[in-house]
Every structure is written in structure tokens, then in C-alpha cells.
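Pasting the structures here.
Note that subunit A is present in both complexes that follow, paired respectively with subunit B and with subunit C.
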Partner chain A sequence: MWRDALLVVGKDLRIEARSRVVVNQVAPFAVLVLLLFAFALGPDRSPMAHAAPGLFWVAVLFCALLAVQRSFAVESGEGTRDGLRLSGLDPAGIFLGKTAAVTVQLLLLEVLLTVGVVLLFGNGVRSVGALVLTSVLGTAGLAAVGTLYGALSSGLRVRETLLPLLLLPVAAPVLLAGTRAWQAALGIGTSTSGNPWTSVLVVFAAVYLALGCVIYGPLLEAM
Partner chain B sequence: MDSAVLLRSAHATIGRFPALAGVDLELAPGELVVLEGPNGAGKTSVLRACAGLLPLTGGEGTVLGYDLRRDLVAVRPLVGYLGHAPALYDELTVSENVRFAVRAAGAASSAVPDVLARVGLSGRLARTPAGRLSAGQRRRAALASVLVRRPALWLLDEPHAAFDAEGRRLLSTVMCEARDGGSGVLVASHEPAEVLPLADRVVTMVGGRAQGSRRGGRRRVVPGGVHVA
Partner chain C sequence: MSAVTTWSARRAWVVRATGLAGVVGMAFTVWLGLWITPPDKVQGNLVRLVYLHPPVAWVALYLAFGLAVLGSLLWLWPRTRNDSWDRLAGAAMEVGVVFTALTLVTGSLWGRPTWGVWWAWDARLTSTALLLVLQLGYLALRRVASEPEPRARRCAIGAVIAAVDVPIVHFSVDWWRTLHQGATVLNANLSPTIHGAMAWTLLLGFVSMTLVFAWMVSVRYRIATLADVAADRSMQQALAERWAEGMPEAPVEEEGGVPAGVGP
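For the complex of A and B:
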């Protein structure tokens, strides 16, 4: 399973490095989302700084949608879907590999978004470690649930519109817990500890990673 | 000797459409069988069923000893399926595509350069992204992905399509070598001039059923791809 996961993550990241869809399209989109939020909230920095964690995770959620759709678009090419099914790869390995590739891409985007949040919204950082931990856990959970629902919707003609409908409600716990944990890490409001929310992110990621390993095989058959 | 493929009254549907309506077919190891018949006769569906890509809804089927009703997934890595569309990632080079297919199957990738040279995709072409290749070159890359794995059963759907004359000779040679090496070879084709001289048997498909079988015009292959009667 782990060998197969490494093979798939290497393949997906190599494809992304060549196509540069995340760099040329998703990253500008993420920056645009932050800029539009900044315009919408006006020049007063106080509400902007307070809303920054939520805006960050909304932007990450939108980027996750695009990254997951791209991840399955490369498997919908001529014959590649059959090729993946015929490959002999462990479905759990494929799931973990695709999840890891989406996670890596989103984490790179989040570095850009974090810089944008600090520059645009004037936030300081109280705990870099908590910020990084929250981002990694939240992103892993988003990538896992995204990969699961991406596989579910990829075989359908309406996949582009169905994926957001399926994914956004299910990802709400990441949005909530990620925002609260980020508020604590940035020292916003009265929140002093993000630990309970970090635990929510751990549970969310663990549940969807485990679920994906178990049911990705049947989903692959339905693709 | 166990059959490479054994279908008995095999039924399969694509959605509600009956793709296979009671197919009886047997293919021995080391045998090359051609499926002929009009469009929609079920030739591709037979190949996809044998590859484990189309589940049987009725009847019986075994491929390389695996029951198609119970061990559908186990069959897949053992067969070499060359479908209408080559299973290639456009952004990866030819070499990367073939290496991915080989490593996914758990085989050693040391033979990849030799196989790419054999199908005429060595050097600069091996380093070219698959999306920039011509249709014939993509077909050669897909053939390399199958060839390098040395499958026990070859399932070829319109294999000569998009190949130039030299590519067709190469493909015919590869098919005969696979058969002579003990692999079963099942070919669906609308090009009788290319495949009938190689066939041990020809099975005619009509309406999702195998309607009849006759002897093919199998000939011996000598190095260089020339067929000698």
C-alpha cells in the first residue's frame, strides 16, 4: 500500500509540476479571493484582522475544490481510468497517494495565503508551531475528504457542479476548527488555546483517511 | 492445460444495454484468436470482460484460472489490455508513462529502455511528453506498456489502428511472439488482412453472442516480422 501511495503521489506531483495548473491558475485564484475579501471589508484593519482566519480557510476550501477536480481530471483522460484500474495498484495506496499530492499542493498554496493574510490584514503570529500544525492537520483532512468525494463524483457528467455541493457541507468542521485554532495561533480575540479545535482536526483527518482506505476500492469501480 | 479464457453463456450489461448475451468462448494458452463481427457485436465487451473491466451479470467466466464473478480485480494485473484509447498521462514523458505502468504492476523497470527501442520510441522520443506524440506514436507507447510486462493474456482491441506499415509489422510480430511464448492472445479487429493470417481461430460475434468459429490462417514468423507460409 505505501509503495503504491508513493508511486501515485510521485506521478501526480510530476504531472502538476509539468502542467503548472496550481501555480498558474489556483494560486492566482487564492490571492484574488484574499484581495476581494480585503476590498469587501474596507480599509479598517480591525475587522479584517479578526476575520482573517476564517477568510484564510474559506480560500483554502475553494482551492481544495480546484485541486481535487484537477487531481481527477488527469485520471479522466483517454484510457487512463481503465489504466488505473488495470494497474494492480492497491486502491488504498491510490487514495493515500492522491490525498498526499493534494495535501502538498494545498500546503504550498497556504504558505502564499499566510503571507497574504499577514500583509493584507495586518495579523501577527503568536505561535508559528500551532499555525503550522493546524494547517497540516486541516489540509490533510480536506484533501482526504476531497479525494473521497472527488472519486465519488468523477464518474458523473455533472461532476464539476456536484463536487462543491458534496464537499462544502462535509468540510464545515475543518472550516470551523481550522478558523478557531488559527485564531488562537494568531492571538485573536479571547481564545488562548487551540488545542480542542486541533483535536477536532486530528479526528476529522483520521476518520476520513481511514474511511478512504476502506471504501476507495468500490469508488474506483464506480468511476 | 487450463484455458487462458473460458466463457460459458456469459452475460454482461452496460447500463441497461445487454453488451454480452450469452457468449461461449475458449482460448488456450499459446493460442491467438480473432474476434470479428459488425460494430456493436460485443467484441470490445468480451475483451473488457476478460480484462476484469466489465462485470459478468450471468453465466460463467474464468481468466487465467480466476473466476470473473468472484476475483474480478485479481485478473487485471495479469492481462495486457490495449484498448481504443492509450492509457497515457499527457504531461508525463513516454519513458515515465511506461515506467509507471511497470512499477504499478510490481515488475522491474530495467527492461523499459530496450522495449522503448523496440517500439521505435527511444532517445528523444522517450523523453517527449505523451501529449505531444502523434496518434501512432501514442499507440506505440501504449504497446510498450503492455509489452514490458509480458502478460499471460493479451487483449487487443483494434490493435492495428493508427499504426503505420512498419508499426503494423512490429505489432504482428509482437502478437505472434506472445502466442509462441505461451500467452493467450485475443484480438478484436476489423482488419482481416492484418490479423487473419496470424489467427489460430476466428470467432464471429453477432448481437452479443459468438455465432461461429473457423480456422484462421496461422503462419510462422521469422525474425524481422516477415510471415512465411
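For the complex of A and C:
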């Protein structure tokens, strides 16, 4: 399972390294979203700095949609879906591999977004460790559930419109907990501890990683 | 096939009786709720919505969603896999959407005079709204044109992914904000904290709403079964027609034309 996961994550990241779709299209989109938030909340810095954690996670959600769509667009052309199914790889391995690839891409985007939030919105950082930890946990959960829904909607003609409707409500706890944990890590508002919210992120990621390992086999048959 | 298309007389009778009992029970609930029961000390006449809102919410949040998830799991489990579980899940979720929407509407109607706002970002309201969106996502997934088997598989998996999210949503939103009043009837020591006549009316509301739900799901289930049978038949008919076209010696014209000896 782990070896298969490594194979799949290597394949996906290699495709990304050669096609540069996420770097050339999704990364500029992420920056654009930050700019749009700035336009929406006005030139005054204090509302922006206050809303920064939420805006960060909303931007991450949008980027996750695009990354998941890209991750399964890669599998749709020239019979690659059948190739993957016939390859004899462990379904759980495929799931973990694709989730890991999406996680890595999203984490790189989040580094960019974090720099953008700090520079553009003028936030200070109270705890870098908590920031990194919550981002990694939230992103892993997001990528796991995104990979599940990506596989579920891939191959359907309506996948572009269906995926956001399916993924965004389920990802709501990530947005909620991630925002609160970030507020604590950035030192915004009255929240002093982000610990309970970090545990929500842990549970979310663990539940969807486990569910994905179990359910990805039957899911591949529906693709 | 005829066993599928027609209900046995006994089954049809049970479904009809359920529907009738539910509707009559609802009528009684309305009568008791509006005219017989006393107004509340604190809430006045507003309390009358309590005979409607919790039963609707019970059906929407527990019964309908639980049934849909149960049907999906039973379909996914290879030993119990059967088309009827898929139909049951679809029927329960579809009726459940109506009830979830009604929960939000009745809650909103009560919230306006009580809290002063149509909508508050309270824990239960927020998680119910999210549940509605999750259910709508399931229905969207169900509407995607596809072969029956992959569709059933996709829907069942989609329901399971969403179902796993519900407790997480519940707890995270609960921590996020809490304004809604606690459970009145099913509180920890199971002793209802409301007046006698009110309690009975509320109980009647719960029972009749559950019956109405069971009736609606049965009818919806039957419609789904009939739709599947109709699709199957029209496919077979189309196949037979194509076969007939392919055979030149077959008397195709005579079938559509006027039989000999009947014309003017």
C-alpha cells in the first residue's frame, strides 16, 4: 500500500513538475483571490487583518477545488483511468498517493498565501509552529475528502459544477476549525488557545483518510 | 415483474392506512395545538409552533437522514446489496430535504418574534443549514444521468462521505456558537419539563409526522420502482423495434396499418 502510494504521488508530482498547471494557473489565482478580498474589505487594514485567517482558509478551499479537479483531469484523458484501475495498485495506495500529491501542492500554495496574508493584510505571527501544524492537518483532511469527491465526480459530464457543491459543505469544519486555530496562532481576537480546534482538524483528517482507504476500492469501480 | 409493478392489496392498504393516520393525526395536532392547549407563560401563543417544529426536525435530522445512510450502507455491503436499498436511500433523502427545509422555515418563523431575527448564527441552525446543502448535493449526484449500477454506487458512497461529516460538523459548530435552547423532552433524565396537555399534543405531533414521513417515503419508493420498470420496458420495446426493422421479411407495415376487414 505504501509503495503504491509513493508510486502514485511520484507520478502526480512529476506530471505537475512537467506541466506546471498548478504553478502557472492556480498560484496566480490564489494571489488574485487575496487581492479580491482586499478590494471587498476596503483599503483600511484593520478589517482585513481581522478577517485574514478566514480569508486564508477560503482561498485554500478555492485552490483545493482547482487542485482536485486538476488531479482528476490528469486521470481522464487517453484511457488513463482504466490504466490506473488495471495497474493492480492497491486502491488504498492510489487514494493515499493522490491525496498526498494534492496535499503537497496545496501546502506550497499555502506558503505563498501566508506570505501574502502577512504582507498584504499586515498580520503579525504569534506562533509559527501552530500555524504550520494546523495548516498541514487542515490541508491533509481537505485533500483526503477532495480526492474522494474528485474520484466520485470524475468521468461525469457535470463534474465541474458538481464538485464544489459536494466538497465545500463537507469541508466546512476545516474552514471553521482552521480559521479559529489560525486566529489563535496569529494572535487575533480573544481566542487564546487553538488546541480544541487543532483536535477537530486531527479528527477530520484521520476520519477521511481512514474512510478513503476503505472506500476507494468500490469508488474506483464507479469511476 | 408484475410483483414489482403492483403492490399487493395488503401492502397498499397498509400504506394508505399509514398516510390516512398521519394526516388525521396532523389535523388533530393542529386542532389541539391551536385551540385546546394553553398559551405558554413566557412565550405566549408562540409556543404553539413547538407542536410542529420539533417533530419536523426529528424527521428531517434523524429519521430521514438516518434511513438514507442506512440504505446506502446496506447497498454498499456486498451481502445485502439490492436495488431496493438504493431506492429507499434516494426516497428517504428526497423527502428528508423537504423536511429539513421545513425545519429551517418553521424555526425561522419562531425565531423572528422570539430572538428578533429571522436567522441567527446559532449552532443548530448552522448545522441544519449545512445538512440541507449536503442533502442537496446528494440529490444533485442522484440526478446525474448514468447507468443504474454506477449511479447507485456513487450515491451510496456520496451519502457515506457526507454522513461521516455530520457529527464533525455538529461538534465543531457547537463549539463555534450556541444560542438554541436545549432539548426539552429528551433531556438527560428523560422527564419532560412541559405541561401535560402540551406534552401529549407534542407526542401526537411526533407520531403523526413520523407516519406522514413513512407514507411519503413509501409512495416515493414506489414511484422510483415504477420508473425503473418503465425505463426497462421502454428499452426492451426499443430493442424489439430495432430488431423488427432489421428483418425485412417481418410484416412491419401491417402492425401499424389498418387490419384487414375493419376499414370503411
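Just so it is clear, the second predicted complex is superposed on the first by the 223 of 223 C-alpha atoms of A that agree within 3 Å, B and C clash if a C-alpha of one lies under 4 Å from a C-alpha of the other, contacts with A are read in each partner's own complex, and residues count from 1 in each chain.
Everything that follows uses one rule, which is that a contact is a pair of C-beta atoms (placed from the backbone, for glycine too) under 8 Å apart; a residue touches a chain by one contact, two chains touch by 3 or more.
Fair warning: this is a prediction, and the values are worked out from it, not measured in the lab.
Trainee: For A:K11, using the defined touch cut-off, is the partner it touches subunit B, subunit C, both, or neither? Pick first, second, both or neither.
Mentor: A:K11: touches subunit B, not subunit C.
Trainee: Should A:L65 be classified as contacting the first partner (subunit B), the second (subunit C), both, or neither?
Mentor: Neither partner.
Trainee: Is subunit A touched at more residues by subunit B or by subunit C?
Mentor: Higher number of touched subunit A residues: C.
Trainee: Quick one: is A:A143 in contact with subunit B, with subunit C, with both, or with neither? Answer first, second, both or neither.
Mentor: neither
Trainee: Could you look at A:V102 and tell me whether it touches subunit B, subunit C, both or neither (first, second, both, neither)?
Mentor: It touches nothing on subunit B or subunit C.
Trainee: In the overlay, answer first, second, both or neither for which of subunit B and subunit C A:P169 touches.
Mentor: second
Trainee: Which residues of subunit A are in contact with subunit B in one complex and with subunit C in the other?
Mentor: Common to the two interfaces on subunit A: nothing.
Trainee: Contact residues on subunit B for subunit A in the complex?
Mentor: 51-53, 73, 76-77, 79, 81, 83-92, 96, 100-101, 103-106, 129, 142
Trainee: For a test of understanding, state which residues of subunit A touch subunit B in their complex under the given definition.
Mentor: Touch residues, subunit A against subunit B: 4, 7, 11, 14-15, 18-19, 74, 77-80, 82-89, 217.
Trainee: Touching subunit C in the complex: which residues of subunit A?
Mentor: Touch list, subunit A to subunit C: 145, 148-149, 152-153, 156, 158, 162, 165-166, 169-170, 172-173, 176-177, 180, 196-197, 200, 203-204, 207-208, 211, 215, 218-219, 221-222.
Trainee: In their shared complex, at which residues does subunit C touch subunit A?
Mentor: For subunit C paired with subunit A, touching residues are 76, 130, 133-134, 136-137, 140-141, 144, 146, 150, 153-154, 157-158, 160-162, 164-165, 168-169, 171-173, 175-176.
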